[in-house]
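In the two assemblies presented below, chain A is common to both, partnered first by chain B and then by chain C.
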Partner chain A sequence: MSEDDITKPAGSRSEGSVPESAQRILELADDELILGWRNSEWTGIAPFLEEDVAFSSIAQTEIGHARAWYELAARLTGRGRVDADTLAFDRDPDEYRCAPFVEARLVPDWAKTIARHWLYETADAIRIEALQASDDPEVAGLAEKIDREENYHRMHADMWAERLRDEARFRSAVDELWPSALGLLEPGQRDRLCEILSREPVDPVERGEHTEELRPLWEEMTMVRRSVPGASW
Partner chain B sequence: MVTVERVWEALGEIPDPEIPAISLVDLGVVRAVTVEGDKVRVEFTPTFLGCPAVEVMRAQMAERINDLGAEAEIDIAAEGWSSDRITPEGRRKLEESGFAPPAPGAAPTTLLQLQKIVSRCPYCGSEDTRLENLFGPTPCRSIRYCVSCRQPFEQFKTI
Partner chain C sequence: MIYEVFRQEREGQPFQHGGSLEAPNLAFAEAYARELYGRRDESFALWIVPRESIEEVLDPYVADVFDRDYRRVDGYSLKVKLKEARELAAKNAAHFPREESSAISDLGPA
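Coming up: the complex of A and B.
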């Protein structure tokens, strides 16, 4: 990040926006926050109790990871002007960098939920592994911590993919989600995902444009923050 | 005069917010204590990043240190927590209160490895137990079931 970026007067940027160098971290944080939110929608209504607990717990750790990445992004850019909550809740939906892949509400489609969970965890492992080799010790250290927690998400996702792999609904959900799953990763990382999953590359659905599903989620997610600015509990 | 030993002792009296049978020191979340005059710096490493108990732990540590007449600085350590950091005393206390301690060593990464973990029931001591759910009521725990005494129990995840 250049000195220019951080010395820009706060007014020249919209609240909570950050320079390009931290955008990669924001992509990760936004993916984790939005997917964590979507996973939490199964709380109380999963097909059975074990999955109710599992999806709630996975959602909690994804959102914990989002917070850790937001805190890091805030430290890299904000000089006290932004914090994790500012980044998570005070941006406009258009400023979020999450991939379209994580945006859809999939309740009550369990097969598609598992397809997304499995594709996400498999792709996420590739980028987390890359981040562990980062030159920035803070990024590498955080990626290492997160990887050890994500290990449990991966085992859970693999277990379900194994169970459902011959089910037509699961297979067609994987086919449908495949182009947007590729869009989670940077171009150089996509071959690896194809290789792990033994799938052919296709034109990816890239990050950048949002689906119409993001705004209603954002409205709900930021409702308290917007209605009572500065509230704490 | 505050000493490093006195600080460790005080932190060792703070119960874990979610499993009060075990202290923060037994849980292995306190990594280092340094004292300079009346300033105490604690490096701590929360179990899971999404653990909601982190802020409670931080506040309790600061309070105990203030009680000793010192200023507290609580920093998050760069290294992550590992379940191997739970002390032998901590493992014993966990078992006594109905939690199976984590399997020692590296975490399983495949389903096969996961299923091979032998875990002893903290209630009856039987090793005839099975994994019910990788996930439990907090990020750090899984749920198991004892086939011998038909008791569900929680186990700390190995991370």
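Coming up: the complex of A and C.
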């Protein structure tokens, strides 16, 4: 697999040149990076100090997980020309494979932020579990390690969902986000999410097209990196 | 609600007050305690207690109205008594030298 293969969007690649597992890993890494980034926008302005620390910490571990997945994806190219930073910051916005679900800036809507956090963690648990059963020991090992940290994210998301479950703003946010939450998962994993959340399946917002919100986020996220191209930091 | 946090730095050590945190309920308090006092592996164990559950004991010093300083641990000079006891023991040992092997028979008949 070449550097181009892994950094170009699915449409511009020659068919079958990228292993299926590498594509899944890049989708996952992009989801974690972009959601981690969005969640980090609450740092300093969360509803109260303790939550500020907790939510910032979750944002940071998501970005840490993205880094670990990018490193693995880079290793899978087998050339050593691509590293985690190249994958995280040197692609064009259209080349990212994150789901539309993670792209929106939700500050200052805390109810919606928690709705997304809770739906994401619940869906993420399903795909992390599937990756733990991967034939590739590196993928399975990393998924297992990440799951240990995700466990704390799930506890945090669940306690908030429990606290806000009768709150109208939270409920309508969950309804609104539900179709794009489904799009996070592979089609075969979606029934499970419906079952866990006791929700009816709907037409999902699929991965592939990006919302208008990704580009401004990308501009900011890659600003420093682009300011001195090729620099060693 | 305010929770007071007590940390045990290492297994077996006494818990010490670490600080406090604000949380809407116990589940949140646990999560925040972990985040604020455990994330860097700085605590072996943590206790959290709602501040309102803590009763303060007022006026902890029970005033000594009468002169009964013998009740206090600093009422005696243990140093002097220990010195006297050591001197006495040394004097007795000099008068009644004993072989080590006789130590058990010194206890008297069974």
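To be clear about the criterion, the second predicted complex is superposed on the first by the 208 of 233 C-alpha atoms of A that agree within 3 Å, B and C clash if a C-alpha of one lies under 4 Å from a C-alpha of the other, contacts with A are read in each partner's own complex, and residues count from 1 in each chain.
Assume a contact is a pair of C-beta atoms (placed from the backbone, for glycine too) under 8 Å apart; a residue touches a chain by one contact, two chains touch by 3 or more.
Because the structure is predicted, anything quoted here is derived from the model rather than measured.
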item: When chain B and chain C are modelled together on chain A, clash or fit; value: clash
item: Touched partner set for A:Arg163, first chain B, second chain C, both or neither; value: second
item: Partner chain(s) touched by A:Phe48 [first = chain B, second = chain C, both, neither]; value: second
item: Contacts of A:Ser57 with chain B and chain C, given as first, second, both or neither; value: both
item: Touched partner set for A:His65, first chain B, second chain C, both or neither; value: first
item: Touched partner set for A:Met155, first chain B, second chain C, both or neither; value: both
item: Partner contacting more residues of chain A (chain B vs chain C); value: B
item: Contacts of A:Val224 with chain B and chain C, given as first, second, both or neither; value: neither
item: Against chain C, colliding segment of chain B, chosen among 26-34, 62-70 or 134-142; value: 134-142
item: Residues on chain A lying within both footprints (that of chain B and that of chain C); value: 50, 53-54, 57, 152, 155-156, 159, 162
item: Contacting residues of chain B [partner chain A, same complex]; value: 48-51, 78-80, 82, 107-111, 114, 132-139, 143, 157, 159
item: Interfacial residue positions of chain A with respect to chain C in the complex; value: 48-51, 53-54, 57, 152, 155-156, 159, 162-163
item: For the chain C and chain A complex, residues of the former touching the latter; value: 21-25, 27-28, 31-32, 34-36, 39
item: Interfacial residue positions of chain A with respect to chain B in the complex; value: 50, 53-54, 56-58, 60-65, 67-68, 137-138, 141, 144-146, 148-149, 151-152, 154-156, 158-159, 162
